[in-house]
C-alpha cells in the first residue's frame, strides 16, 4: 500500500510535485501518463526515496518513507524499481546482476540466490542468457533482466519508469508481456508509460499528470476514450495522431 | 533518382547488405522497415557514402556514389540526411546550425544564408527559436531544426534514419507533420521508420528488410494489412500487438 | 644535556655534506663518501668514540638539515659570511682557499679588469665562496649561479654558456685533468685580498660542540694529521687513483 | 615553527621574490604559448595518416613522456652547444618546457578531438563540409571545451616545472628562495614564501579551469 | 674514443644500477601507498559529505599547487619542528605519498563521477547500502575510466622520484649528479640516466596506451 499525503517537491524554484494526494491500495495496477516534464518520474522516484520531498508524507507499507529513522534498506527491498534505461550493471552477467542484491542485502547464500535468480530469469523467458553480459543483450532482453533483478528481492511493489520507451518497437511487446503477467499475479504496480494497449489491458486506474499536479484519474477505457479534462484530451490526441 | 545495383557490404564477416537491387524514382516517398540490425541504417547511409560498399554500385542523379572520382561535396549537397539522434552542433544556435553548410559549401553570402535559414525555420514552425542553442530545445524541436538544416541546402533527396524514435510520444507528431508536408511537396524521400500512420498516409512504397536482404516491397496498405512473407507478417504483428 | 652529550649518547655523529665537491667531499668510484672533509669528520667521530654518519644533500638541503636537527655539523666548502653567521655558528676556519678566475685558453682575458666588464658572463656555484667573491670583485660582470658542484661551472664554460668562472683554485685544479689538456687556464692573479676561509658550521645552541671542533683542529694541527690530510687531498693527485 | 618565523626578512627579500615571480610568470606564459603551438602541430601529425609525419611524432611524444624533464633540460643545455648551437639559459629553458609540455598537450588535444561524437562528424559529412571545414567549424570548437580544463592542468604542471630551470642558473621563483636561503640561512621562510606564490598561481589557473569546465563543455543534448 | 667512453660506462654502470634499484624501490612503495590513500581520498572527494570533501579539496590544492621539491623540504625539514623526525628514505616515501595520493585522488574521483547516476540509483533501489553501492557496483565500473590515467600518473610519479635526491636519497638522478662530479662526460651520464628512466617508464606508457585502447571498447 502506498499513500501520498499532501506531497510537495521543488527543484530550486520549479514546483515539480504540487500537493499530491494519492492512495494506491495493495494489488492495484496504476498507469501514470502525462506530457514530458510533468513530474511523472519524480512522483514514482519519491516512493523509494530516490528523491527527497520538501512537504507532506509518503507512506509505504506503514513506513514513512522520508522520515530519517526509516530503515531504507528494508523499504527498498520491498520495492522493485525498473528504469527507462535499464541500468543493468555492465560489468556483471545477467545472473550476477540478479544475485547481487539478494546476496548482499538479504544475506542469503550464493547457492540459494542463484536458484532464485535462475527462476526469475526463466520467468522473463531468458534462462539461456544467464551468463551473457548486458552489452551482449538486446534492449528488450536487458529490460527483462532488469525486471528479473527487481523480482529477485520478492518485492510487494514494482515501480516502472517508462520501461519500454528506450526500446525498438519490435521489442516492446516482449517486455509488456512480462509486465502483463506480473499484473495478473496481483503485484502492486505503478507504471509510467504511454502504452495505451497495456493500460487498457491490465490497469486498474490511469492517472494523468501535468505541471506537477494530478489532473485526472479514472478507469483506462473511460480515460482514453472520454477524457474529462481538456488537457488530457489534448494529450491523448497527440499520442494518437501519428 | 537513386539506384542500387547489386550492392553488397560486409562489416568484417557480417554480411549487412546482401545483393541489394533497388530503384527509387524522383519524387518517390519510400519507407523502410525491418527488425533491429537488419541493415536499414546501413542501406541509407550508403546513399551519401557515410559507409563504403564492397561490391555493386549506387547511382544518385547520374553520379556513381562510390567511384573515387565522384565529387562528394556536390553529391552530399544534393542529399539531406536526418539522424535519429539529431546531431545538431551543440555550440551553435539553431540559425548558425542551418547556415553553416550553405555559407561554407555553397559559398553564398551570410545575408542570403540567413534569409534562407529563417525561411526554413519558419517552415518547420520554429521561427522564434532561431537564437536558441540545441540544449535549450526539446527533442522534437531539435529534430525539426535538423530537418531545416537539411532543407537549407535545397536537396533533391532527403534521407531519414528513424527520425522520431528518440522522441517523447507527444513530440513525434510535430516532426511527422513536417515530414508529411515535405512528402506532399514532392521531394524524394527515404525514411527508415516504424511509424505506420506516416507510412500509410504518404508513402508510395514500403520496403521490408531482414538480415541484409530486401524481403518484401509493396504499397503501404497492402504491406501492413496483407504482408506476403511470413517474416514481414511476424514483424508487423510484433509492432502492432502492444 | 649539551649537544655533545647527545651525540655521545646516541653513538653517532651526523654530518651534512654536499657530495659535489671533490676533493672536499664526493662520492668515489666505489660509491663511497670520500674527501678531505670526510676524513676530518671521521677523525672527529673516532675521537668522540662514536660512529660517523654522512648525510648527503643538495646545496639547498644543507642548511635546513643543520637547522632542523638532522645533522650536527655542516661540512661544506662554505664561506662564513657575517649574514650567515646570524643563523648558524661557524667554527674557526679549517682551511683557507684562494678563489681564482678561470677561462678557456683561447679567451683573451688576462687581468681582473678584463673580466670585470658588463659583456662578460661569469659562472659561479650558488652559495659558494666563489659567488660571494665574484659579486664583490667583479661588480660589472654578469654573474650566473649554478648548482650541482664545481664541475658544472667548468662544463658551462666549455659549453660556452659563460666566458669565465670563479671558484676556489683547488676545486678547479681538481677537475682540470678531466678536460682536454690545456683547454682551460687560470688567470695568474688570484682573486681577493688574500686567502678566503672555509668553515664548518653548527647550530647556535651547540656551544660545546663548536668549542670541541676548534679544539679538534688544534689537536690535529699539532700532531701532524692535519698536514697529512691536506697533503693527500689538496696538494697531490694520488687520491685520484685510490678513489 | 611559526613563532620564530621572520616576516621582516621576507619583506626585505620581497623584491627578489617578486622578480622571481615575474620571470616564472613570463617564462611560463611564453613556454605555454609555444607548447600550445608545438602541441597542435604534433597532434596534427599524430592523427594524420602520413607515416613520415606520424611515426617521428609518436617517438617524440613517447620519449618526452618517459624521461624526466630534468634530464631533458640538462641535455639541451649541454648537448646543443656540442652541435654548435648556443642558446642562452632562459631560451634553453623555454625550449625544454615547450618540447616537454608540447608532447603532453598533443595528447590532450588528441583526446579532445577523439571525444567529439562520431555523429557530429557524420552530420558535417552529410552536409558536404570538407575535412578542414569539419575540423574548423565542428570538431575543434567542441574539442576545445573538453580540452581547455586539462590544458590548464598542464599549465599548472608547466608553472611548477619552471622551478627546474634554477638548475641552469635561470632566475625564477624557486631560485629566489634558494638565493635567500644561501644568503640568510632561512630555509623555512624562503620555501614557504615560494610555496605561497606557487599556490597563488595554482588557484588562479584552477579557478579558470573550473570556470571553463562549466562554460565551455558542450554536451550534445538529446 | 668510443672504446674509451664504453669502458667508462662499464666502470660506472654498477653504481647506476644501485641508483636504479633505489629509484625502483621508492617508486614501487610509493605507487602502492599513493594508490591506497588516493582511492580512499577519491571516494571521499566523490561523496556527498561536504565537510570532508572540502578538507580533501584543500589538501589536494596544496599537493598539486606547489612544486614537489617544496613539499619534500617541508616534510624533511619542517615536520621535525612539529615532532616528526624522519630519515631521508622514509621522508621521501611520505612526501611521495602526500603528493601522489592527491593526484590519484583526483583520478579516482573523476572516475567515480563518470559513472552515470542511474547506476547509483539502480543499486540504491535494490536496497544496497552506500558502501555496497560504491564497492560492488560503482568502483568496478569506474576502474575502466580510472586505470589508464592512473598508469599514466604512475609514470609521472616515477619521474618525480628524481626530486627526492635533494634530501640525499641515492637514486638514479643523484647517482647521475655525483657521477658528473667525477667524470666529465655529463652528456653521456645523463643519457644513461635518461635511458634507465625510459626503461622503467616506457613499459608503463605502453601499458597505459594498451589499457586505454582496451577500455575504450
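Order as written gives the chain letters A, B, C, D and E; numbering starts at 1 within each chain.
The criterion applied here is as follows: a residue touches a chain if its C-beta (ideal position, glycine included) is under 8 Å from a C-beta of that chain, and two chains touch if they have at least 3 such contacts.
Remember, predicted model here, so these are calculated numbers, not experimental data.
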Those chains which touch subunit D and also touch subunit C: E
Chain pair with more C-beta contacts, B-D versus A-E: B-D
Farthest chain relative to subunit D (centres taken as mean CA coordinates): A
Whole-Å gap between the CA centroids of subunit B and subunit C: 82
Chain centre separation in whole Å, for subunit E relative to subunit B (CA means): 52
Rounded Å distance, subunit B centre to subunit D centre (Cα mean): 46
Averaged-CA centre spacing for the pair subunit E and subunit C, given as whole angstrom: 35
Where subunit D touches two or more other chains at once, by residue number: 78, 82, 187-188
Multi-chain contact residues (two or more partners), subunit C: 60, 64, 67, 148, 155
Chain contact topology (line, ring, star, complete or other): other
Contact pairs between chains, per stated definition: A-B, A-E, B-D, C-D, C-E, D-E
Contact set on subunit A toward subunit B in their complex: 35-36, 138, 164-165, 168-173, 176, 194-195, 197-198, 235, 238-239, 241-242
Sites on subunit E touched by subunit D in the complex: 61-62, 64-70, 73-74, 77-78, 81-82, 155, 159, 162, 173, 176, 186-187, 190-191, 193-194, 197-198, 201-202, 204-205
Complex contacts: residues of subunit C adjacent to subunit D: 59-60, 63-64, 67, 81, 83-84, 86-88, 123, 126-127, 131, 144-148, 155-156, 159-161
Subunit E-facing residues of subunit D, complex: 1, 62-63, 65-72, 74-75, 78-79, 82, 156, 160, 163, 174, 187-188, 191-192, 194-195, 198-199, 201-203, 206
Touch list for subunit E against partner subunit C, complex: 11-12, 14-15, 18, 69, 73, 76-78, 80-81, 85, 88, 165-168, 170, 174, 177-184, 186
